[in-house]
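Listed below are the structures to be examined.
Consider the two complexes below, in which chain A is the common component and chain B and chain C are the respective partners.
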Partner chain A sequence: MRLFTHNMLSSNIKGVANGFPLRIEAEQVLEKQVDFNPDFLRKLFPKLDWKALVDGARALGYAELPEAADSSMLESEEFLRKVHHALLELHLEEGALTCPETGRKFPVNKGIPNMLLHEDESCGQSNGDFKLHGQSCGYRDLKIGNKCVDRLANHGDANPQRFSPVSQSSWWPCTDVCGLGTARLCLSYLSLS
Partner chain B sequence: MSPKTAQIRLVSSHPEVYEPCDDSFALVDALLADRTNIIDHRPRLCLEVGCGSGYVIASLALMLGQELPGVYYFATDINPHALRVTRETLDAHAVDAELMCMDIASGLEKRLAGRVDVMVVNPPYVPTPDYEVGSEGIASAWAGGENGRSVIDRILPVAHRLLSDKGWLYMVTLTTNDPSQICLLMRKKGYASRIVVQRSTEEESLHIIKFWRDSDIQLDTKENVTTNKSVPARAMDSLVSQFPQLSFWRGTNSNCL
Partner chain C sequence: MWYLCVFFHRLLDYRRAEVESLAEMLGFFPSLEWRLPENQHPDSPFHLVNLPSEDVARNIANRSILVKGIYELWGEGSSLEQLEESIKSYPEDRKLPYLTCETTFKVTVDSFGKAISFQEQNDRIKSLAYIPFKGRVNLKNPDINFWLMETDDYGAHNGLPPVVQRRIFFGRLVGGADRKLLPTYELKSRRYLGPTAMDAEVAFLMANQAQVMPGKLVYDPFVGTGSILVAAAHFGAMTMGADIDIRAVRDGRGPDCNVWSNFKQYGLPLPVALLRADNNLPPWRPGLKERLDHLLKIETTLFKHCTLPRCVKDMVLVLVSPIPSIKEDDMPGASASAWTVLHKVTGKRSETEEALRNRNHAGPKHLTCLAAFIIFDAIICDPPYGVRAGGRKSGGRKLLKGIVAPYTVPDDKRTGHIPSTAPYSLAECVHDLLDLAARMLVMGGRLVYFYPVLRENDVVENHFPEHPCFKLIASSEQILSSRYSRVLLTMVKTGSYTEKVAEAATIKHQEFKENYVKRLEDGNLHSSVFSPVHPQLGEETDSKSCKELKPKYRGKYV
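Then we have the complex of A and B:
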């Protein structure tokens, strides 16, 4: 797993607000050379979370990146080569990623992070308005419609922290096209938080 | 020289991992058919959801590799065995992708939102009882729940979230999945669609559908979809008419295994 990937990964455990960046525990780090592509790096740079990259690189034993960076530094080949090395050539082969909020560890074996959640950790995933009238879309444990209200109400009683910002954002689609019932549902859902 | 795809003899395997089959070949054929368009499109990030044996992502990397160095490939699967097999398949073809074990793209949805230029999915589309969906091992590769739509219907909003403004989605569907309705769902979100490959085998009729954001599709808040070019009813007609055989082609519940 490259730090490029690490910069894109977040913990998706229910109740987690941000889940980013994941803390790296490295047991084995590999280096693999990749062709230097400054164009790619320049385009990628604005989307990177710099601090996550710096901390990640340090966790992999590479401390050459400056604490802060801005786009003016993209003119410097020396800087770009460091970013290139950190982002694309270092691989976390064995180790773990830790959720910054819950401390939950996601193992990394043979360079593959295992981000699978247990049943009780995963957010019910909203299909939002991806449905046509009269037809419900199947998804794991929540359904838009009356059933949804019941389930959310139950969850709210049992486990208030479920109503967290992350759940809210996963519910945004309901508000734009769904019928009033669904919109109301979202509002009552949010007001519980 | 014709563009390269992954070679079957180099594709690794495991008893719990779905081997390349008619659906995988149809998907790779669709990518090949659209290859020059993809190259002109100059994608930077490509993602396969449900990479299984790695045949498709390896093929994509091979067919784009020469013209488009510096494209990054991500692949996810819910089955940990599949990712190890995919790694071996990639290594055997000397191509690379970042592999992650997750449900659809659950760990990528926040940070990769709006950044995927090409997304490729051969979803579990076989109609099965709902309890089989997402089960461990190889069943997760085909078990699609009611009408084979359980996982597909969870993938569509994820695709909508991850695709960049110029992003393209290629997805395998079975006739039983009601592909025209999938296209309508995506149209409501502003996506045009086209069948790239249609293939009927003894057991199933497959469509590989390509979706892309179409600025001509205007969305309004009343759930009506209109286009600048034609009246809504006609747009729907032409969309549905892409599937002329729907009424009598019925997929079966069986899989090619």
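Then we have the complex of A and C:
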């Protein structure tokens, strides 16, 4: 995976507001020669998120890029060569991309980032939306703290029927991985609209 | 000037569309004028097209896949006598430069729908003695190629209606398709293949519809074995692909048999990126807000006191948006002609001129902002529509139906966890595709994809997906069996993507889904393609007469 791709990707886990830029954890970095094409770089430059590129290059062990850049620097070939090297020639072969908000790791294997979401991260986006307080929400909103069972049952504005579990099997103890790396046990609660 | 455009007799629906899209790519903006020679059916391979210059004609022909040749027509007629008269009346100053003694030439005799014996061919060439050829003959590598083509009564053989009258054309070859590409790229010599790898010829046609050029970035969200991107890379594009199936995109069939190796096999530049992603939940970073701000700035600069209607303003924005990889000075004609068109459309001279002035005022720096945060120049794909391969999306089947609650994978099992996927219906797939394209394509960027159509009694419903950001500019049908066909849709992005537009698109899509896609869903498409035809009720004689009633005409089958 090149940093070019990294600059376009963000974590799309349901409920994550700011999943860009992904943090890079590099295990194996490759360098592959690519033909230098200054026109392409100039065209691409306004579309790049510069900070993400600089941080990404650092994570891959390349620290030559300046902290800030603007379009006037595009005149210098030296600068363009650096951008070219960082953007297109560095490959993250093995490693992971980490979501800045949830800490979820997207593995990069044989140079292919795997951006597919797990069940608990993608659900609720499609047809089977859940309802909480009468409003539709995603699955993540249903992950409430460990007191949720009593709280919900006695919740003033909640319709008890709407929040009563459909059957015993729809109770799911689950671990919620927090951003700081701590895990806490949650009980998720499902009600089918 | 009018040129004779002769096509290969295949993929009939694709022929004009390809030429039109290539003409636009080469900077010739207003839509092309077409005309049929006398007594020719629209499916005939002979067409007349009005092109601005010989260079444009040559470039179109050489890049195309289906153009057998574009010719400067020196004469035509229903008989050799008429042809002679017609050639003689063609202006001398256009003929003489190609007949001088320094040149070498060759005359080829060709026919459509019948064979001409070698003897007859020689006679035909000799009958051209009235043309004052002064150059030497060179059969291997002539400077100038003359072609004598005729079409005669072919009736039952080619699936075309019978010819009303014989027609003979004589012309000078300007350029023709390089069909040698096809044996080079044909699938049977491709290292890594999947069950739905795209045929090389069609893949090249798709790339031409998408106006692929060096420096453009082309994306395929259903990349599979990369067969479409190979064609795009051949024309010089940077390519990018995603697929939900990690085996297809990462592993292939070994280290020397995967998507990368398909590019290496032909010495093409490798894709910029391959990734595993779900088209239903694309992982691209949002940049909508910043882009809109830029757009607003430009709009206010361009249309200070403008009362032009919304659609015209949008058009101006498309026109002034820089076409990537073509520098302004490479094609000054393109933007100039664009403004002429605009002027014609609006009929409001002063306002167009003011917008033009403001455009210069806005400067190129602002205009490049238009392209900011949107990245792909073209999206080309063959979505899985459930006939030969079904689509998948994230989330288990039971999960999405609500039978099972979402569950979290325990930490120790996370690494090797394979997330469950569910079937991805055609309607949803197309909706997601259009939404993605609306968000990620540059203005004027193209979305090219296949869409399945059921054929009942040879009647095809022409209801294709719509999106407020897109204009459908070409739909070319390829008949796959008597019961279904696929249509190559080419859409061009003409409007910017906003949240309002996205909402409108969802509503439009719902209507479309209710009215047209339902028939194709829930395995209907699959079963109507594969299930046996119900035998005709009644006796054998009945079915025989039914067969005879079937029209013989089968133009689009070729």
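Quick note on the criterion: the second predicted complex is superposed on the first by the 122 of 193 C-alpha atoms of A that agree within 3 Å, B and C clash if a C-alpha of one lies under 4 Å from a C-alpha of the other, contacts with A are read in each partner's own complex, and residues count from 1 in each chain.
The rule is short, and it goes like this: a residue touches a chain if its C-beta (ideal position, glycine included) is under 8 Å from a C-beta of that chain, and two chains touch if they have at least 3 such contacts.
Keep in mind that this is a model prediction, so the values were computed, not measured.
K.L.:
I want to verify the contact counts: of chain B and chain C, which reaches more residues of chain A?
P.N.:
Of the two chains, more chain A residues are contacted by C.
K.L.:
Can A:118 be said to touch chain B (first), chain C (second), both, or neither?
P.N.:
second
K.L.:
Contact-wise, after the overlay, does A:67 reach chain B, chain C, both or neither (first, second, both, neither)?
P.N.:
After superposing on A, A:67 lies clear of both chain B and chain C.
K.L.:
For A:75, is the partner it touches chain B (first), chain C (second), both, or none of the two (neither)?
P.N.:
Touch partners of A:75: none, neither chain B nor chain C.
K.L.:
Contact-wise, after the overlay, does A:10 reach chain B, chain C, both or neither (first, second, both, neither)?
P.N.:
Both: A:10 reaches chain B and chain C.
K.L.:
After the superposition on A, what does A:39 contact: first (chain B), second (chain C), both or neither?
P.N.:
both
K.L.:
Identify the overlap between the chain B-contacting and the chain C-contacting residues of chain A.
P.N.:
Touching chain B in the first complex and chain C in the second, residues 1-2, 4-5, 7-12, 19-20, 35, 37, 39-40, 43, 47, 49, 110-117, 122, 125-128, 139, 176-177 of chain A appear in both lists.
K.L.:
Which stretch or stretches of chain C touch chain A in the complex?
P.N.:
Result: residues 215, 238, 240, 244, 246, 249-251, 269, 272-278, 280-286, 324-325, 365, 368-369, 371-375, 393-396, 399-402, 404-411, 414-415, 417, 419-420, 428 of chain C touch chain A.
K.L.:
Which of the residues in chain B end up touching chain A in this complex?
P.N.:
44, 69-70, 72, 74, 78, 80, 83-84, 87, 98-103, 106-112, 115, 130, 133-134, 145-146, 149-150, 153-154, 156-157, 160, 181, 184-185, 188-189, 219, 221, 223
K.L.:
Within their complex, state which residues of chain A touch chain C.
P.N.:
Chain A reaches chain C through residues 1-2, 4-5, 7-12, 19-21, 34-35, 37, 39-40, 43, 46-47, 49, 71, 88, 107, 109-120, 122-128, 139, 169-172, 174-177, 183, 188, 190, 192.
K.L.:
With touch defined as at the start, can you tell me which chain A residues reach chain B in the complex?
P.N.:
That would be residues 1-2, 4-5, 7-12, 19-20, 35, 37, 39-40, 43-44, 47, 49, 110-117, 122, 125-132, 135, 137-140, 173, 176-177 of chain A.
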